[in-house]
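Here is the structure we will look at, set down as structure tokens.
Letters A, B and C mark the chains in the order given here, with residues in each chain numbered from 1 onward.
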Amino acid sequence: MAHEIWVWAEHLNNELRESSLEMLGEARKLADKMGCTVSAFLIGDNASKFTDSVISYGADLVYVFENEGLKDFSIEKYLYLFSSKKKESKVYMIFIAATPDGSALALRLAARFQCGYVANTVTTAMQPDLSIKSTVPVYLGKGHCVLRFEASETLVISMKPGSVGITGENKTRKGEIEICDATSLPESKTIIKGYIKADPNTVSMDETEDVAAAGSGFRTQADIELLKPIADSIGAVVGGSKPMMDKGWIPRSRLIGQSSGRRISPRLCLCTGISGSNQFIEGMKDSRNIIVINKDKGAPLVKLADMALIGDLYEILPEIERELKSRQATTYQK
Amino acid sequence: MSEEKFDCIIVGGGLSGLTAAYLLAEKGLETLLIEKGNYSGAKNMTGGRLYGHSLEKIIPAFAQAAPVERRIVKERLSYQDSGKMTTVEYDSRGVAAPEGESYSVLRGKFDKWLADQAEEKGAMLVCGVRVDDLIVRDGKVCGVIAGDEEMEADVVILADGANSLLGQKLGFKHKISTNQVMVGVKELLELDKDVINQRFGIESGEGVAWMFSGCSDVYDGFLYTNSDSVSVGVTMMVENIKKTDNSVPQMLEDFKNNTDIAPLIEGSRLIEYSAHLIPEGGPEMIPKLYGDGVLITGDAAALCANLGFTIRGMDLSIESGRLAAEAVLAAKEKEEFSTNALSYYQTSLENNFVMSCVKGSEVCLAAVKSGDLKGDPLKVFNNLIKETLIG
Amino acid sequence: MQIIVCVKSELDATGPIKLIEPVDKINTKDLVQTINPADHAALTLVRNSIPHDMGMITVITVSPASAEKILRICLASGADNAVRVWDESLKEENLNAKSVASLLHKAIQLLKADLVVCGSEGLCETSGYIGPALAELLDAAQICRVDHMEVSDDKQSILFHRKHNYGNREVITCLKPAVITVDYDAAKPPAVSMKESIKASKVPIMHLDLESLGCKEDEWTHNANANVLQYMPPRPRTKKIKQASDKPLTPQQKMQQMLGGGAAKQSSNIIEGDSKKAAKEFVDFLIAERILNF
């Protein structure tokens, strides 16, 4: 029986989560080195619609557990499904992105299987003797700790979304789909009553999905308002660099950079008028999409950007606002 | 009214406060010590060297258990003048007398250890609380106020440091003026134990205390060897800072880059930068030391002696803490904590080396101010020997 | 309601750590002991939500006597009782998260609890294993990263808010017993109170050794899954690029990827000159990435 590397392919709002695509890419890389199979777990009430994507992003085999009772995430049900497969398989590693549900699941799986667990890894590499060497930050990131895990045991690996990036899709990849038995599910011990949506005015910087950051390119505090219409269209939270906080133009809770004590990894980090000190970049470089608006083409942030708009932010921002309005109008006309 | 009353509340968890707490708790008094830092030592700093004699009286052979850094065996005094330096060294390795020993210490560790000793004796220590005011009724201090909490006691010992705000609130102490206080800044530089041994010609456990003058009109320098680090710093009168365009950190940098210092600290790594006030006003600066239900000790009582080539503060603090505890115990026996009862504290201080040291510093201060001290190496040398023998 | 909060004494990682080359052990001698901030927040959140007359909070730690200070801080922060689990035969260096979870489990079985609470992460090295491990051992409901709790009017159930995707909150109830974890920023611990500290110093701390837990040697010892090889100074992490699958990595990028976990980004899309063009490209990008949906 070949060794497997498992990946939990999480989906949200009818889409595969990008963090899961990252996990598939990681798993694929390791599997290729080791001659293992990548087996993805798709769990939900309509899980089967993602099988093609999961395969094209790296899975050899997809375990599909589809059942109305799996509409919501439930630790007990997921544990049951994973455990049912564990009995029959030799699992080398289990990759789960550290989303809110992912972290909860990953830790519990490690407890259930009494196996190794590593989170927020910097690098993970297989050794010639098939053991795994993984480096993790310790002491608030002041040091890195190199850990070794035996080859004979399973290892659960939880990685922060955005930390490794998505490897390309290969639509020509072939894979198997196995529809698994999801009929007799245990009762969930938790009952979901509902959700409270995040308020862009109060949500914290490390939780928000999108961020619009202001820097020294803004001449006055009032000018930062230029970002607001764009931020509102996206639902982004407005934050800023350290000089902005030092001037009192943004509160400490909206600071981006190492001195905030946090690294953020939003889906979008729009950096306006920020050249990008080391300190700032360290605090946001894991962002999935970085867009930079700056006069200076040579600014450090430009090198990091997925897209850089070189020009005067005082011209570009209003222009973006106009473009957004006109697109919205066109949509309503449809 | 509060439900609890202590025999004694001590404000400040530095050396004088901890010493008083230790001794009072040892004798069974309900003692509460309140420190504003998160732990004793968090807010304290020294150059620095502790003369052991005063603590030796209280905890014999303390140096064996306490986290002292190195036992000072070499005293060096240097006078620098335009690239030339004269150094006098006193090597005491042949002598072994615990009462005369001094040790380089790091206050974070040391104070923490002393705090543990005081707690073991039964003193109640609360950290992370700042005492804002005192409870005063009919002119008598009856307790302390921290935030919106009050705690009563028969007597309060103010051990709250050079800038004692409580002492000022009582009217015992005046606001300190810039010519009464020095600032000491230092860098703690990590350096391999063996490298230190090699560079200073000492063995492990042995240390050097080194003072530098003449390097600047504004500051004097110092260097102490710790276990695996060196403390390098400068001291200066606060009022003199405005006489130069240089910032304080810049002056420290200049001292470190000094051709005589730089090779000694080559290859070291900065661990910590710290600064602290040092009362320097001489006997004039000593406030009213006691009142109804209250005593002032340590730096708060300006019991510091700048003797030109060495600054004595820690051992004087410890001794003053001891004398304060004795005064409280004597008052407790009579169940009377009035000004009269506590005057014993002032009397005992005056008959003690503490006061003679502080008075001695008056002479030195005058000499320093007039520039005399720098010009007479022999005078300095003589004083140095005398002082080392007393200490 | 019986609540148990598991707390850990940690070295204050905000203090100075010297790490300039790979070592077997980090030199932590200049660090002071402190309570794990997430555990303190956990205790605070529960106490703020469940007053004394509604629930008794017992804090528990697996630690030698030096950690009693931490328990006193908890008692001064609202805990009603404190328990310390330790045995002469235990050595701090040999205890891994699995064995600590086992020992806590035994103690919780003895003390009985409706709700078990702990911090979601440790300060120094912990990954947050204890909470879910306890849920597994107790066969309890598990809710991670709770930041709000409300007790029902009939005091029989609790409504929790749990951190969910993108700053949203999941509103959730659960069966008893339950294990919840709390992030360090979920609640601000109360300022140190003189009176509470003094009261706390008088509360007797219960001490449980292996015998009182009824532990047999093999029941609680576990081999650690991870072997620590060494500690090193932090390496810079380079971000991986969104790779087009047909473009192979250059040798430099491959090196960077091996060393830092990601190939450095190459500046891809630079638009200069015309603001109108820039605006259009910007909105197109957002739509392509499905950040905007028109």
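Details
Heads up, the rule we're going with is that a contact is a pair of C-beta atoms (placed from the backbone, for glycine too) under 8 Å apart; a residue touches a chain by one contact, two chains touch by 3 or more.
Fair warning: this is a prediction, and the values are worked out from it, not measured in the lab.
Innermost chain of the displayed assembly, by C-alpha centre distance to the whole-protein C-alpha centre, is C. By number of C-beta pairs in contact, chains A-C lead all other pairings. Farthest from chain B, judged by the mean position of CA atoms in each chain, is A. Inter-chain spacing, taken between the CA centroids of chain A and chain C, is 20 Å. If you average the Cα atoms of chain B and of chain C, the two centres end up 41 Å apart.
Each chain gets one centre point, the mean of its Cα atoms, and the points for chain A and chain B are 54 Å apart. Per the touch definition, chain B reaches chain C in the complex via residues 2, 4, 32, 34, 38-39, 108, 112, 124, 126-129, 146-147, 149, 151, 190, 269, 271-272. Put simply, chain C touches chain A in their complex at residues 11, 13-14, 17, 19, 26, 98, 101, 123-125, 127-129, 131-133, 135-137, 140-145, 159, 161-175, 178, 185, 222, 225-235, 237, 239-246, 258, 260-262, 265-273, 275-276, 278-283, 285-286, 289-292, 294.
Residues 12, 15, 75, 99-101, 103-104, 107-108, 110-112, 114-119, 121-123, 133, 135, 137-150, 153, 155, 163-170, 189-198, 203-204, 207-210, 233-234, 267-268, 285-286, 289, 291, 293, 297, 302-312, 315-316, 319-320, 322-324, 327-328, 330-331 of chain A are the ones touching chain C in the complex.
Note for the complex: chain C touches chain B at residues 16, 18, 20, 30, 32, 191-195, 197-198, 201.
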